[in-house]
Every structure is written in structure tokens, then in C-alpha cells.
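Sharing a structure here in C-alpha cells format.
Labels for the chains are A, B, C and D, by order of writing; each one numbers its residues from 1.
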Amino acid sequence: MKVVMSVPELETFLDREFPEMHQGGKTMFVEHVQDGEIVMRFKADERHLRPGGTISGPSQFALADVASFVAVLAHVGPVALAVTTSANINFLRKPSPGDLVATARVLKLGRRLVVIDCEIAGGTDGQLVSHAVATYSLPG
Amino acid sequence: MKVVMSVPELETFLDREFPEMHQGGKTMFVEHVQDGEIVMRFKADERHLRPGGTISGPSQFALADVASFVAVLAHVGPVALAVTTSANINFLRKPSPGDLVATARVLKLGRRLVVIDCEIAGGTDGQLVSHAVATYSLPG
Amino acid sequence: MKVVMSVPELETFLDREFPEMHQGGKTMFVEHVQDGEIVMRFKADERHLRPGGTISGPSQFALADVASFVAVLAHVGPVALAVTTSANINFLRKPSPGDLVATARVLKLGRRLVVIDCEIAGGTDGQLVSHAVATYSLPG
Amino acid sequence: MKVVMSVPELETFLDREFPEMHQGGKTMFVEHVQDGEIVMRFKADERHLRPGGTISGPSQFALADVASFVAVLAHVGPVALAVTTSANINFLRKPSPGDLVATARVLKLGRRLVVIDCEIAGGTDGQLVSHAVATYSLPG
């Protein structure tokens, strides 16, 4: 499983193809790419917070979806048309305030289907806050 | 499975307890409540659209999460602390432009766990665009 | 969504292609087929029971998998090579003793992916005991 | 996350509480236990094989369920009443003939809910064949 896009290439592609992702200010950043895995940081702002400073479930889902999509891109190249077909997420504990860091790992890289495992860790303690598995369909 | 909150009671509760839901303008509206089921309408604005006018996966997930939470509230009463523990979503087809309508049905109403099935239909043709199952944990 | 195989055609196909399903005695029977939906009955024997006479989770999963596969077959024709790619199951309540009845409904019938919703009801009271969603990949 | 049961204690507990697991011959064996993780081996026999010698999806699900349950037991002690509430499984590739090895890892160990990640690797090449996440409810 070879990575075929670098961090700057991924950032440029996302900015160009999915400008709506950054509406209201950019919050998600590709931090690291290696064979089989990418890391993404989410700097939440008020839009994503629930009372008590915790990051809402749907915002965690959005992070898992973007990080998993970036993991697909990083391994198949700039295919804007990869489509999420299903996702499963378990919310494990309330994140303490602070950034969330998503680590997305390729479980299967098929010709038509890609399966990604995504762990989201949070806050200053780095504890696991949620875990998702997402499936992507490739065109053609 | 008896409903214990009306549409106006649900709307008032959401507005008071989850004001952050309506940031940037209110887009989700409880339309109907009956024993075992609630219906919610999502009037997407530009924030939720992908190129081509389609509503993004994470926005569909957010709708399923809110509609499922409302189904929990409607049957257990105003328990702000019900927590999503897991969710599974299948994206079935690209929604055509227009509102999305989520129908959330109670599969299990336990003392500690509630399981909700949520179908999202869309556009002018009313075709199913996604299907989710979510689990909620009740406090106490 | 048109059904293209009848109950006897489905039974004959399963018996010929998946004889291992009936090892130890046939327990699963196609009962009904209509556009978009099939019904399957599971007559559990001791192999599938947990202490107290309840049917184990993996046996319920096996029923959901077979019923969902039959729903695929019924709509795409005898394609032995349809492959389960993912499944999600929620166990809702302990089944009381007696047969289980699975109703599998086609949520999406794509060229490459089929998504099935499967409800399992049980016992003499017909209460819902589990709910599954399964995804199948079609060859070619 | 401390392990509180040893491999022999786990085996003894399973043999006593779930004798039906071994109907037709014992096929699942606890191999290893450490803080946060257990490993289980599945020696499939003809009952679990599909044509071509591959192990069926439901048999892989049964393995994931047992391994995840053993991971729960290993960390909470001999609680026969822990109940699977939901499970999600992705089938990644056909296993080549040979044993399957399941590694079950505790993602969350709550007072009422335990979430387990289970990877199943197979054959002589040790490739990942499926991946499951299961949730267990604890009594009391």
C-alpha cells in the first residue's frame, strides 16, 4: 500500500475541489501521510462545540469522513469522485476541550471498494474519543 | 410505545437546550410526531451543499442524528443527557436538490438503551437517499 | 424493483449452490417473495440455542445474512457470486422460544452495490428481536 | 485497562458457561491475553467452509463475537450476562485456507458499555480478512 500524494498535494486538492469544506474558516489540516495511514488535525471553533466545550457527534463524524476520504485520495490519487457508501461510528467518551486528531488507516484497497479505519483522539490527554469505519466506492 | 412530547414541546426544548444547532440559521424542523415515530424536515442552505447542489454525507449524518435524538426525546421526555453511543449510515443515492425528510422510528425503547432506525428521503421525488441506525444511552 | 425469481427457484438455487447451509439439517426456508422484499423462516434446533432457549447472536446474524442474500438473488437473478461486503446488526431483545422470521427489504439496487434492510421478529408474539443492514457487491 | 482473567481461567469459564459453543467439536481457542487485548484462534472444520475452502461470513462473525466477548470477560471478570448489543463487520478479502486468528482490543471499558475492535487475520499469509466492532452491555 503505497502513498501517491504528499501532504501539500492533498491540501491543494482539497482546497480546490471542496472549497465548501472551509466555509466559515479552515478547521481541518492534513498533518502526516505514510504508507497505509494519514493523520488529520481538527481545530474546532464555536460552530462545532456543544455546551461544556465538547465537540458534537456530527462534527466528529465529519472529521472521520474527511480523514477517511483523504486516506483514500492519498493511496489512489486525486479522484474527486470517490463516494462514501457507508460508515459506522462509535462514540467512546466526551472529548475534553482542545484539538481532535484523526488517524485513518487503510484496511482494504480494492479496485472498486476501499475500507478505512479511523481513530479520533482528543484533548490534551490524547485519549480515544471515537472510532469509525468507512467504506468508499471508486468510479469506473 | 407512547409519545410523551408534542411537536411544539420538542421544538421549544431543542431551541433552549441546543441553540448551537441553529447557528447560521435554523434548518431542521420537527414536522410530525406519533407513537413510535417522528418526522423531521431539513431545509439545506449553501453551507450543506456539495458541488452540483447535493447535500453532503456529514450533513445527512447530522440530520439522522438530530431526528433520532428527537425520536428518543419524544418517547422518554426531555432528557438532555441522552447520548449517542453509536451510529451506522448507508448512503444510497445522491439527493437531488430540495429538502430532505427524515423519518425516525423507535426499534427498541429500553431502560438504558434506545435504538432508532432513520430513513432519509429527498428532493421532489421522495426517493430514499440514506438510511441510518443509531443507539442512544440514557442516564441513570 | 421487480422480483425475477420465485420461491421454488430460490430454494432450488440455494440447495444446489450452498448445500453447506443445510449441514446438520435444513433450518432456513424462503416463505414469500414480492417486489422489493422477501420473507424467510428460521426453525432453530439445539445447535443454535443458548441456555434458556434463546437463539444466539451469531445464529441471528447468519439468518440476516442468508435472508439478505436471498433478497439480492430474488432481484438480480441467480448470481452465486454476490459477496457480503459489510453488515451491521443491532440486537434488540432476547427472542422467546420459537421460530424467527426475517423480512429483508431492498434499500438500494445498484449496478455494483445492493443494500438490504433486514428485520428479525420472533417467537409467538412476533416482537422485533434484531435489525440488520447488509451490503452486497455484485461481480463484473 | 488491567486484565483480570488468565487464558486457562477464560477457557474454563467458556467451557462451563457456553458448552453449546463446542457442539460438534471445539474450534475456538484463547491463545493470548494482555492488558487491553486478547487473541483467539479458530480452527475451522467442514461445517464452516464455503465452496473453495473459504470460511463463511457468518462463521467469521461468530469468531468476532466470541473473541470480543472473551475480551470483555478478560477485563471485567466472569460476567456470563454481558450481552452483545450491536456489531458491525466489514469483510475485506476471502480468507485462504487455514486457521483464522482474531485479535480483540478494548476501545472503551465503561461501567455499562464495553466497545471492542476485532481484527481477523487468516491463512498462512496472515492478511487481514475482516474487521468488526462490537458493543456489549454489562448488567446491573
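What we mean here is this: contacts are C-beta pairs under 8 Å (C-beta built on N, C-alpha and C of every residue); 3 or more make two chains touch, one makes a residue touch a chain.
For clarity, every value in this text was computed on a predicted model and none was experimentally measured.
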| item | value |
| --- | --- |
| Per Cα centroids, the chain farthest from chain B | D |
| Between A-B and A-C, the pair with more C-beta contacts | A-B |
| Euclidean distance of C-alpha centroids - chain B vs chain C, Å | 28 |
| Length of the line joining the C-alpha centres of chain A and chain B, rounded to whole Å | 23 |
| Mean-CA-position distance for chain C and chain A (Å) | 34 |
| Touching two or more other chains - residues of chain C | 85-86, 88, 90, 115, 135 |
| Footprint of chain C on chain D - complex, ascending | 17-18, 20, 23-24, 46-47, 49-51, 56-58, 61-62, 65, 83-91 |
| Partner chain B, residues of chain C touching it in the complex | 88, 90, 92-93, 107-108, 115, 117, 128, 131, 133, 135 |
| Footprint of chain D on chain B - complex, ascending | 85-86, 88, 112-113, 115, 135, 137 |
